[in-house]
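A short write-up of the structure that comes next.
Letters A, B, C and D mark the chains as written, and numbering starts fresh at 1 in each.
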């Protein structure tokens, strides 16, 4: 399990060819796994996003992400994975369809409000406030979610900052605390981005390709951080790296051309013929990592 | 990496500083006054005029008239060699405050001449008055609270209109449509006209019986305003415009529905450069002015010939004449103020001045308002030789109190 | 009928004035909308064109055409200078360019008044178009009527060039995505220089054509800049058709608007401009915003 | 040549120029005449305006071309108070600041909706509207001639009126020092970090749950209040207010001052304003009418020579409706 990065290199080079895959879609229905006791944390129905120029990034998607579980969303490039995250986080407004969060309709809720309701996210391109220090980045990310009053005062802010030290530790960037975030290397910046998402004390954590560009060590740390997350936090990870997905996910959702292709446990997905054809390539040659999981 | 960024910044700051220092060096060398005094101790005179900003078309005449007097009088006023300190009032008002302060505090000027725009007067006069320095003003004159140190060579802003009002009431067979620009000088000019005109029995053709004010300085197209004139049935137009507004108004008038309706105006509309730019469009415009280059007097001949010699045979505009008079008044007042003139002594000497012999004829300063009591002339734009000129066709009233 | 009669000339004049503003603003909207350069010195190029045309005009047709040619060439050279000045700033977004061109406009104004003096320069136009014509019982200047025709032809030509030619397609592509033009094999600096030159040429030509209406004088540059800014904001930067509509609207406000209610005229233009800016952003598809994005991401 | 690290440490980088400036401001008046002193007063008043622009453009990523508008509102408030006999300086400062804040609160609702160049143009349009209104509202503002002969103020009730340029200078310097200290203190607090973060990456702030629009509106109001404070000081210095004080070119000049001063440095903005006043009113003295030329050259030099100062004024990342991912 330690040699994940080399596997991910293999995976990403797979052809994303999937023309005749939808035939088998009903074989893996979205409701197959919803028999568990936990409530649906995120529920999207008929979710559609069309961009100017007519590109349909997400087309009539029906999905549920159960509370307290680790979900992964995979699929070839252009499948609509990041768009789905952006729609859930409120960065984008859907063209049609509804999004429910914890039983509440948030389709038209602003991203600020959604963040305050407990949806936190990281970005494909790690996004930080570059002129501020790493510690300040974490503290400002925690700010809207902290119950401390009067944070604009120096003393209160300092105590907020101190209470955030554990996120620095979790992300493994304690040593960088006083560096300006703009001066960080790519991997460090990604860990900071994740630390910022954790600092928001989320109920739903949306991670957009968190392992991309990380060293082995970084991936290891990321996995540790994710395992250390409280049970009740719902995690949705968009990821190319199937090995990584297999290592953390309870359920895997496969998207293709903005539509749902399959849902299941990593094992089921790895074994699914339609997924193999669509995502893993015509040849059906399954990389070691997948076999290992199976 | 960080240190190199800082050093770039330092170097750049040093570069900017060096430019500043160079320019400062340049200015300090150019300000060193040439004190080759013949006669008494050299004196400084300030001249504030618009050399940039929205009034810059009017500025140079103020400067050139004063300079011409100095050129023809051996650079002397009242027997003292004069250094002229020129300042830019730019858009008027706030920009002129430091200019005036510099003249008073640093150059120790004996008097300040010039000033184009009325806001500049309002900003400068309190400062000069507090310092006891007389202001010999050559632009239009608004109402000012304390006139103890303000002496106007031109006219009260209401005067041109006051001189034309009764004439038009008698000679225009019907109502008159009145226009002006939307700023204080415009209101004063039009108030002068409408009050005198209605008092003499005239009736304005404008909607609501009040003069129309066009947005300033953004109006470039007067056609829509002029198309209302025709509809109103007015028999004549009276307007006050200067600079670019004047040129645009005249051009638009000459090609509009209102082109058959005679245009009367305060004289600035066809003064100097404006008349050149308007060309044939200005033919036939009747104006009121306290000056016309064709007045026959010794003083005027001297002035006109000096001006046309220096400026390619052109006729001098009235503004240059006011400035010439400002220099002439200062010349006499400084002479009277003794060998070591002080601003106070000059101010007192101006106050005691009686009749002033000027290219425009003789005039004197009103004891109350410190504005000329003078004769106004009726002029018409006609061919004079090969070029259009403001030709005197009659006398209007003598105005001033 | 009475009202139509009263407002006929202002309405017609609004078209002429609007078309003048369109020609004046066309270069600015191209350069800003497509090239991402907010050129505060645009009015200065217009004034330069006017001065140049005025300096050669003597009332003959040949001098009139020579004037237009000289004005266009002068504007193009000015645009070239602008290109050279802004090229090193290409990666630094809008603000440095705006500050630079503001500085250039201050310097340019000083140079123009030093060379040409502070008096307005008359343009002597050929006798046959210097008179007036009768339209429905109203007197109207021949030149403005001719201007309406000429400017309409220019507008059509511009629309054709942008819509139907290869150069136009390239420009539209550049407006959408400047990196793509690079990918198509055109050096970015060439596209930049061509845009600046074309915008300068348009400004110079507009100055020469418009000189008999907005004469070249010390105020001309500021006036044309402000009105052009209003036009490009109302019409969306980069959109020739939008600029056309906006220019006619501004022309009508400046003529018909003041003829109906001169009290509100001073507020109307900038009020509309602010509203347009805000409404655009509300709709979330701000062309200005996208321009800023292009600048920020370039 | 490497600069020793100690010279780059924060206390040295800010403390040394700060100390030099403080000494200059305290010592210089004794060797200057009234003209020089009043120029320094003017530079301080304009400097307060420049600091307000630095809060917006440098800290909040809102490059404004209309900050002269609240400045004008503050100046007119002081002028109107004077004509009604309220000549206590502290009271004028308080009221001018409050009225300008109210003005900014209203106009901010409009301006804050826009981004980048659109914000630049919106503030420009709002500024032009304000100048127009100042010229038209004759009963209150005295129209285009402005308000003149404004009565000298008394700093506090019961004190003597400030009659000399020198006494006005000390009043202006004291007021400026206090307000700059407050601004400094606030910007160095977590509030400054919030603004910088909005400037760095607005979208990330929203994703993190920060009400960015509210922050920026508050910054806009605070900057407006500060500009109003500067306007009152300018009215005190000039004893004159006219619509021209609110002109587009004033707004552009203070933006230049901020660029010269390094975008996020209140002290730098103050110095930049000083440089501009020196150029406009003092250097251009021997070349009357060519002040704009010198300023124009300064703009050009600044853009090329001080890229950091310009880059510090960053446009807010506009709302991007991204393409398919």
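By definition in this document, a residue touches a chain if its C-beta (ideal position, glycine included) is under 8 Å from a C-beta of that chain, and two chains touch if they have at least 3 such contacts.
The model shown is predicted, which means the values in this text are computed figures rather than measured ones.
Compare each chain's C-alpha centroid with the centroid of every protein C-alpha atom shown, and the nearest one belongs to D. The interface with the greater count of contacting C-beta pairs, when B-D is set against B-C, is B-D. The most distant chain from chain B, with centres taken as the mean of CA atoms, is A. If each chain is reduced to the centroid of its CA atoms, chain B and chain D end up 34 Å from each other.
Taking the mean of the C-alpha atoms as each chain's centre, chain B and chain C sit 34 Å apart. If each chain is reduced to the centroid of its CA atoms, chain A and chain B end up 74 Å from each other.
With centres taken as mean Cα positions, chain C sits 49 Å from chain A. Under the contact definition stated at the top, the residues of chain D that touch 2 or more other chains are 136, 290, 292, 297-298, 302, 321.
Shown for chain A are the residues that touch two or more other chains, of which there are none.
The residues of chain C that reach two or more other chains are 109-110, 226, 266, listed in rising order.
Two chains count as a pair here when they touch; such pairs are A-D, B-C, B-D, C-D. Listing the residues of chain B that touch chain D in their complex gives 2-3, 5-10, 12-13, 15-16, 19-20, 23-24, 26-27, 30-31, 51-52, 56, 59, 86-88, 90-95, 97-99, 101-102, 104-106, 118-119, 122-123, 125-127, 142, 145-146, 182-185, 187, 216.
Residue ranges on chain C touching chain D, taken from their complex, read 38, 85, 88-89, 92-96, 98-100, 102-110, 226, 229, 233, 266-267, 270-271, 273-274, 277-278, 280-282, 284-286, 288-293, 295-296. Chain D meets chain B in the complex at residues 1-3, 5, 8, 13, 33-36, 38-39, 42, 135-136, 143-146, 148-149, 165, 234, 238-242, 244-245, 247, 260, 262, 275, 278-279, 281-292, 294, 297-298, 301-302, 305-306, 308. Remark: chain D residues 189-191, 193-194, 196-197, 199-201, 203-212, 321-325 touch chain A in the complex. Taken together, the chain D residues at the contact with chain C in this complex read 63, 110, 113-118, 120-122, 124-126, 128-129, 132-133, 136, 252, 255-256, 259, 290, 292-293, 295-300, 302-304, 307, 310-311, 313-315, 317-321.
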